[in-house]
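Heads up, the next two complexes both have chain A, just with different partners, chain B and then chain C.
Presenting the complex of A and B:
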């Protein structure tokens, strides 16, 4: 037997959660769907295939204050970032939940990023299985699936008259609305079929073809627009700067991309990674070779967003296939 | 650092500022918190970030040696936004310090060996604590040969210490400049050519170099001509970096991070990196 919640009771539950927590959920905004704070559950979008941006921004915001600098009686005082609210994020797809699990590896690796850890500790994830897929989706190739409960606290799967409710963690179990759940013998629908790419041996293939002309050729059409990194649930390069607004000083972290010209330029102007080929190779090498070596799996969830947004049609699935078919020398 | 948040620096006060060259100043800072100050220790080759609040934060090799208790020192060349702001600071100014980060020169492993230091310009900053550690434990090491180059005589960074270095036992200091002036009677030659001229023997010797990328490239060639193996040539790498924690991904070179796995590498390790650092 499985536990099911009806569509109207889901809204009752989310309404209750919005009273005890900050509720963050997909909201349609013009032509796009984004995770936003919701005070009225009627604003929640349920008709999306996937959100335009992942929920990454609620753990690793596009810009966030690390600390403020204040002066009291001539003495400098550093004031840590504000405490976060207890939050529930509803509607996270399994690929994006994997993205959060991937971000955990660098950010929680000791010495842990204190602000990221606070975001994580104070947030409960309610996942939503996928009933349909985009043509760009390939999550099953990257170790997750449209109905994968692994990286959320509760997983909901849509069925004819409601949602199957699956508590995955203790944190998830604690927020289940027992009075709204009904026992049911409904079986989950079969997940949508997706495009696939074989990643077997990709690390070795990346190593073998590190010096291939392939990267220069591929990068020839890259515009350095950084959209791929901006939409990626697993990209985490960041910049740190000070902002001084009429004496109100803050140290701010913001999203950055290894595709930015000057990413590796040092004082005096020397750039050890000059040129488009090495820049684009860095993106794929980090995802498919370095991150796996450091943390055990690729820094890609198969969400397909980078494929969808790239203005020059650079497709990570094609890159993975191409590199495996290139005949580079055996690696180090 | 403070508050268990590795992004929050320790507050520190500038104790003194000394002009070393027309564009390099030596800053001595003291950490404000007594308990932090007493537990803060570091090894030659490690680096720390200095904050000028409102302008930003940049990493510098620490140029003092911890055991001398002379304060935490940084030699800063005026080249960008933060270093320009630092140069405007005087005694008593408040800065931030995050660190120490990175590995260090394994000086214990070099005991009994001859040490050959090759530094160019501000590249002498991370080499000074190596020299001073060896001078303070002079009997533990063999010959010490220092080649120090700069653009002009005024740009030789640690000139006030040259007499102490050159008068130490079994120590030779060779200075060279790209362009001399009316008072300069020393060498006018590029650092790699001085290496070729001095011809140190590679046997039982470790070469440690730091300087502009172009100098390092040609110094490496000169050392190899003299028979030095990659493993005997050590350097400390410079990189753009934002965190020092292996997270911002700015300093990664292949699957290594300069901030965590370095900044000190030997050229055998560097030749195994996928990318040229």
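Presenting the complex of A and C:
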């Protein structure tokens, strides 16, 4: 037997959660869908495919103040970042949930990033299985699946008259609306099938082809914008600067990307990854070689956002296949 | 399409150029993407159809000093004139394969629209303004109709506070990925004002205030230089209607100076020159 919630009761539950927590959910805005704070559950987009930006932005926001420094009575005082609200994010797809699990590795690796940890500790994830796959989806190649409950607290799977509710963690179990759940013998629909790419041996292939002209040729087309990195659930580069706002100093962290001009420029103006080829190679090397060696798996969730939004169609699936087929000399 | 392939093959075989930049099929199988052809055998991958929306002239800036063939639509060809006028590229380093164009359609990943893009609906330039080899039959150009600024007029009709609310809402979504800048042939500063640290013009914060400064200054920097390819709007993941900002400046420059960017190579863009007969507006 499984537990099921009806569509109207789901709204009742989310309404209750919005009273006890900050509720974050997919909202349609200017023909795109984004995770936004929701005060009225009717604003929630239930029929979304996937959001333009992943749920990453609620753990690793585009911009956040890490701390500020103020002068008071001749003393300098260090003020920690604002307290974070207890939040629930509804509608997290399994690919995005994997993305958060991937971000945990660098950010929670000791010494952990205290701000990120607070976001994580204060947030409950309600996942939503995918009923449809899109041509850019390839999550099953990256270790998750359209119905994977692994990285969320509660997983909902849409069935004819509601959603199957599956509590995955204790945190998830604690927020279940027992009065709204019904026992049912409904079986979950079979997950959609999607495009696949083999990542077998990709680390070695990346090493073998480090100096290949392939990267220069691929970079011919690349515009070196930050789009792929910003939509990626697993990219986590940032920049930190101090701001002086009328005597109040703020230390701010903002998204940044390896494709940015000057990303690896150091004192004296020297860029150790000068050139478009090495710049672009870094993106794929980090995802497919360095991150796996450091943290055990590729820094890609197969969500396909980069494939979908790249203005010049740099398709990571094609890159993976190409690199495996290149005949570079054996790696180390 | 075959004409483009044949010309590309000829240019590469005779080593008149070492690369031809054109269009190839994207991995979705239905839209197109920029294609760099280095070998004569590779020319069969070149395509041209209603999905070829990219303005490839941006890539010429990465190929200074190298002989390059390039496929351009009429709108793209105007950007070539802008770059020639600004001495960013050299005419004898570029071989231009111009394509007569009746408009391209809206495309998104795996989606090809039926209707012509909005900019194509008011475009009356069907033959490239500069080319070495022309593909297609040039239609009899209709006499230049007054520019269609209806979309701009709609925003202008709003009150100041309505306009502010309109743009604030859009700029609020901006994630500052700079795809708009990176795709723009007019954005080629060695150091963009937004990347400059000393003096710091705009901070790294991805927030409404900074986003507004970014988009406003970028629009001003393109005044009299934007040839209207609209790539910035196409690539924006956040659906910010950047064409409205650019068209507003096109309209202002058109009304003030009777000038439209890139129609010829010689004429200096109004904000890049100063003539003694221009009114100073001081002490009048």
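Descriptive notes on the structure:
Just so we're on the same page, the second predicted complex is superposed on the first by the 332 of 332 C-alpha atoms of A that agree within 3 Å, B and C clash if a C-alpha of one lies under 4 Å from a C-alpha of the other, contacts with A are read in each partner's own complex, and residues count from 1 in each chain.
We adopt the following convention: a residue touches a chain if its C-beta (ideal position, glycine included) is under 8 Å from a C-beta of that chain, and two chains touch if they have at least 3 such contacts.
Computed from a predicted model, the values in this text were never measured in an experiment.
When both complexes are overlaid on chain A, the residue A:35 reaches neither chain B nor chain C.
Of the two partner chains, neither chain B nor chain C is touched by A:90.
Looking at the shared chain after the overlay, A:69 reaches chain B, while chain C stays out of its contact range. In the overlay built on the shared chain, the residue A:163 is in contact with neither chain B nor chain C. In the superposed model, A:224 makes contact with chain C only, not with chain B.
Of the two partner chains, chain B and chain C are each touched by A:241.
When the shared chain is aligned, chain C comes close enough to touch A:317, but chain B does not. Comparing the two interfaces of chain A, the one with chain B and the one with chain C have residues 239, 241, 256 in common.
Of all residues in chain C, those touching chain A in their complex are 26-28, 31, 33-36, 38, 54, 58-59, 62, 109-110, 170, 173, 175-179, 181-183, 192, 195, 203-207, 231, 234-235, 237-240.
Considering their complex, residues 66-67, 69, 75-76, 78, 80, 106-107, 109, 111-115, 207, 210, 236-242, 244, 249, 251, 253, 256, 258, 263-268, 270, 272-273, 278, 285-286, 289-290, 293-294, 332 of chain A touch chain B.
Interface residues of chain B facing chain A in the complex, by the touch rule stated above, are 2-9, 11, 51, 53-58, 77, 79-80, 83, 94, 96, 212-213, 238-240, 242-243, 245-250, 252-255, 272, 274-277.
Note for the complex: chain A touches chain C at residues 29-32, 34, 52-53, 62-63, 134-136, 217, 220-221, 223-227, 229-231, 239, 241, 243, 252, 254-257, 260-262, 276, 307-309, 311-313, 315, 317-318.
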